[in-house]
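Here it is, the structure, as structure tokens.
Naming follows writing order (A, B, C and D), and every chain is counted from residue 1.
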Amino acid sequence: MIVAEQKPVKEIIESLEGFRRILIASCGTCVTVCMAGGEKEAVELKSLLDIWNKETGTENDINVVVPKRQCDVEFLDEIAVEAENADVILSMACGAGVQFMAERFPAKVVLPALNTKFMGVTRDVGLWTEMCQGCGNCILEKTGGVCPVTRCSKSNFNGPCGGSSGGKCEIDGNVDCGWQLIYDRLKALGRLDRLYEITDVRDWRTSRDGGPRKVEKKDMMV
Amino acid sequence: MSMSAVLVIGGGLAGCVTALELASRGIGTVIVEKDRRLGGKVRDYGCKAASRCNQCGLCIVGDLWARVSEHSDIEVLTESRLVDLIGTKGNYKAVVRDKNGSRVIDGISDIVVSIGFDGASSATSAQVQYSGGRGVISGLKLEQLLAQRGRHGIFDEAPSRIAFLQCFGSRDIQEKAPYCSRVCCGYSTRAARVIRHHYPETEITFFYMDLQEVEGGTYFDVLKKENIEFIPCRPVSIVKGSPNRVLYEQPGSGGRLVEREFDLIVLSEGIHPAADSDRIAEICTLGYDRNGFLKTISDSGKTGIYLAGCVSGPKKIPEVYAESLQVAQQIWGGVR
Amino acid sequence: MRIAIIGKSPINEPLKERLLSEGLTPVLVENINDILGVVGQKGDFAIRTRYGDVEAGYVIATQGPELSNPVPEVPSLPLSGSSVQNILDKNAKQAVLLLDYPDESPGIMTEIALKKAAELARKRVNVVCLARFIRTSGGYLEQLYREARHFNAVFIKYSELSMDCFENAVVIHARINEGNETISIKTDNLIIAEKISAGEDIREMASRLRIHLDDEGKASGDNPFVFSAMTNRKGVFALHNTSPGLTNETKEMIDYTIAAIKMEMAAGKNSGHAVVDADKCALCYTCYRVCTHAAMAPDPNPDRSAMMNLEEACYGCGICVSQCPAAAVRLTEAGMEVKPEMAMKGSLKIFCCENSAKLAFERAKPELEEIYDKVDITPVSCGGEITTAGILSALHRYRKVLVAVCMDDACKHLEGNKRAKRQVLKAQQLLKSIAMDPGRIEYVQLSHAMPRVMAETVIEALG
Amino acid sequence: MTDNKSNLQRVLEAGHFSVSAEIGPPMSANADFVRKSARALLGYVDAANVTDNQTAIARMSSIAASYLALQEGVEPIVQMTCRDRNRLAIQSDLLGAYALGLRNLLCLSGDHQTFGNHPESKNVYDIDSIQLVRAMKRMKEEGVFINGKPSKQPAKFFLGAAAHPFADPPELQMIRLHKKVDAGAEFLQTQSIYDIERFSEWMEEVRKAGLHKRAYILAGVLVNKSLKSLEMTSMVAGIKVPEHLIERMRKTSDQQEEGLSIALELINGIRRIEGVAGIHIMAVGWESIVPTLIERAGLLPRPDMPGTEAVSSEEAIREGGKKDA
């Protein structure tokens, strides 16, 4: 899923300055699951903004809508009326959702409430970790199912740098060394021999380095 | 009141739990309580949490008394005593006397005897001579102090030296208590930890024999780490004075007597058969175990007379609670 | 009713017999590794095994205990084995029993030790018992202790211990009398009480049964439930913390467990519980993970892609309600939401756990008479129900909010108080981030038996 | 100048025990600083590493500083990290370096930028250090760029890489060492060694694999000036300082002298290990001690290799220009 986290409240408040009718739009998928922009967070944010308004004597109206997703236009159609009645839409979706919201309501100012972080998994309640960078050319079959592009801080393709110590990365004692993980997996699977082969330089065109990407599924296109 | 009422003798923890459990299953109960209010001794107990909960069990009790008083299927007779009992299981007739006189309760299916216990008799112990006075309190009194503690402590003035005299009236043949009371090590060491929490400077000393009912060797080490001193002996006497002194044989000294001053001495009294035991045993046809606690002579299922709580021996709060629920369960099963 | 006994333990046999005698049907699954998980709720569990599902109304986990020799470097006999017979067979004149050892005092072994000491002493063997504590608190142990001494068994309490080995003999040096004296005893017949541990598989078992263990690996250790064998998961009992033999204590535990099962069987329908709105549920499994009672599960109904509440497992603590990111869970009873139409009074809103702070408040009422009109109190079924949003929305109408929950380690739902604290910290931080006084939210932990603490806290919060 | 080999390569090929040290470029455009540092090493080392934004702190470029050192008569080892440049920049910079007469190249991943003084920066890591070694080997041998396209006059560096005897996981680090040699590394400079015993064990594995015969192992020794410096070093990932050395430093009344004698002991210990071809001395913040250390370690005089003396950069450029023409 896409993992995001809420922007500092101060930043959100500053961005909202001058708007009277505010629509907070949560998103019911990824950012709900990663507890950044679901209904709960939206209600919480409204509560806080209401207090702030009261304390500062700011007069504005805050409404909350809870579309299922912001990355499919039909869900945005469902909130068209509320959007119409707002001066500004504060989108609590990932960057994709915010942009799509802006496309759908071209006459409205659409602001982001979140910082979109990465594609990852839920490690524990309240803990998400990055697992994929969407580089467009998966090599997990070579690395025991652990991605060196994402999980090695230097995206090394040919083993750990000299900063791997006790299974941890040199940048932070709390970050696992991606290559230690690869090693552990391949060792357990009896496939360490795969690591002797030098992985050649990478073609990054499949990644974002090749410009904005798109996926076309021709069998769906008529 | 339904026809199959249950008579509960004693409205302490055991009596109230049993009554409430029965009432919650639609069985009417009558509680006969000699005191002016329900709750017995537990009602005065204090929470033993220091910086965190110490699992004394008191939380299980909660607002039991209020729930019992408010329950429509429970009748509470305070300042009352059972004076006679006639009949057999399923059809007992009880005579109960209060300050206004006697009354007869009919249609009693079962009896729960839950008269609880008494503390060390008149605060003397055959092994520790003690003649009363200021600066010496019972374990129960300490409980009451804990119950009334505020944010900033237990005492008006921080005591500088406190002694706990363990096994006060327990494990003592002369005291007719040839058994361990099971609860005192628990409550007194927990209380000591609360004191330590509020008064880091206070010297806390235990005169003790063994550490009972606290599983694992680590607990003792925890206490020692909290700077609680343990002296393995039973003192000879408490010498009155200001402050009082504890006279004891220095362990390993070959009998050398030593005196130490303490601002506060806590007598960790144990659990003894209730004063009412003999009377109730006679009315309800009950026997005694080898420690002097009551026991049933025949199968409760047949006589309809059950024992719940410390009437049958020393128990901790959760044990009393569990046993009482069990008794209610048995009665309910029988009635059904 | 089928009762599953899960795990390997010497008490499985007696437990089985007792269950049968009570008209219950025991089903044994001894190998923990065969179990993939236990789904369902009390009265209707399915034990997922590698060989298929086993249905059972209730589950008793009995894994362990594991016995080990605490002092393997010296020759000794284990206390729970046939040590007495061995010594008698040898016509030995003398034996030493080590009841405990410096870092561990398994009181649970005392009963066995006292019996054996008495037995040996009666057969005219000179018995010396070494112990740090002689734990005689159970039923008739004090008598047993006297009996052993009556037959001339000697009991010595030590504070420190060391042992030397000479061929088959052991010399024990014990510091006694508060370390003022050291004695040495030589013996060919040393009996040592085994160290009892929960066993290696215990964590595995706990995770498959979704029961909570304390640091020592005990599910039934100081738990906040009435029956010691009860666990955080209703209908799942743990008897794994037992003595190796069938002691009185073990018998009592079995009795209590069976009584507890019967009471659960007889208990009425659970009224206060959580409900999932299947349309809102994002199936994120947060509720499943945060529920300390294993009362949330994926809905097996193929028409609904959502989590569901297992009503019979649910205690209605509301942890799932406060943690659900999709606001898809609610409680059938109560709730901390501050509704505008609610009668509001005063300037202080108190959210209090009904297990502790609420009761303390009730008890403190006499002291609070004067300020009673100035506070508005909302009891919650557990601190875990409290949310940041709820606290913030209360601040719209009240000058201050006080969150009062159970002490650490006292939460009936294990983590409700911790979650409440997190929510308070978050709300305070949010206030700070908009340059408001975080002191408008106060937090206190207390027990129901601390009325004065509650009173003082409320008075201070009112200022 | 006939075969274009660097002094370091010649020293090693002749079987001498090589000595190298480091020149840390300044955080400024001060050429004199580099010249002075180089002059201090003249006659004491066979070559000197010129670091590339070491610990991710922005400094004068390794290539520019190398060129300055070369002008002073000290042969530099250019360092190139994969952190800051993509394959375009790396190749272009290295062609330039070679054109300037620089002949030794050490290929590194580079310390992660979060350690340095621009933690906000974006890293590159287009290729990794092994891919870099292989790319430069192919350029040398096949005369091609990474994209396979030919270069009329490719750079032909004496290629080096780093080795990490104490980094984790050991087995994988050894595999990685294999790969570095397979990729074309001709010399391997190790991370600082403090534990001779463990280093010997590591060398035994290196010998078992025959890697010491395929590449020159140059053991790293860091000389510490103070207890604080030693303690800081011990916290670096991949360096393991035995407690007894720290204890020695703690107890001594003259930390500088103790630091020096520890380094001397380490050098002596390392020299006795079979398969070690040279020593690489690092002196973070105590560069002035390096000549003394080399002298006291009995590593003087340095061999005078025919054909490489005082390679002037102008000469190299002329030569390069001639060939290209």
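FYI, contacts are C-beta pairs under 8 Å (C-beta built on N, C-alpha and C of every residue); 3 or more make two chains touch, one makes a residue touch a chain.
Quick caveat, the model's predicted, so the values are computed rather than measured.
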Ask   = By the touch rule set out at the top, what is the minimum number of steps from chain A to chain B?
value = 2
Ask   = From the centre of chain C, which chain's CA centre is farthest?
value = D
Task = Pick the chain whose C-alpha centre of mass, unweighted, sits closest to the average of all protein C-alpha coordinates shown.
result = C
Query = Does A-C or A-D have the larger number of C-beta pairs in contact?
reply = A-D
Request  = With chain centres taken as the means of their Cα atoms, state the distance from chain B to chain D in Å.
outcome  = 79
Query = Any idea how many Å lie between the Cα centroids of chain A and chain D?
reply = 41
Remark   = For the pair chain C and chain D, the C-alpha centroid-to-centroid distance in angstrom is 60
In chain D, residues with contacts to at least two other chains = none
Residues of chain C touching at least two other chains = none
Inquiry  = Testing understanding: with touching defined as stated, what is the shape of the graph linking the protein chains, line, ring, star, complete or other?
reply    = line
Task = Would you please name all pairs of chains that touch?
result = A-C, A-D, B-C
Remark   = Touching chain B in the complex, chain C uses residues 100-108, 132-143, 146, 157, 176-181, 216, 221-222, 224, 226-228, 255-256, 259-260, 262-263, 266, 355-356, 359, 362, 406-410, 412, 446-450, 452-453, 455-457
Ask   = chain C touches which residues of chain A in the complex?
value = 8-10, 13, 28-29, 32-33, 35, 38-41, 43-44, 47-48, 50-52, 54-55, 122, 124-125
Task = Would you pull the chain B residues touching chain C in the complex into a rising list?
result = 25, 45-47, 49, 51-53, 55, 58-60, 62-63, 66, 147-151, 171, 178-182, 185, 210-218, 220, 231-232, 251-253, 290, 313-314, 318, 321-322, 325-326, 329, 332-333
Key: Residues on chain C engaged by chain A in the complex (per definition of touch)   = 280, 282, 284-286, 289-290, 323-327, 387-389, 392-393, 395-396, 430-431, 433-434, 436
Task = Spell out the residues on chain A that touch chain D in their complex, using ranges where they run on.
result = 153-168, 170-172, 177, 179-180, 183-184, 187, 192, 195-196, 198-202, 204
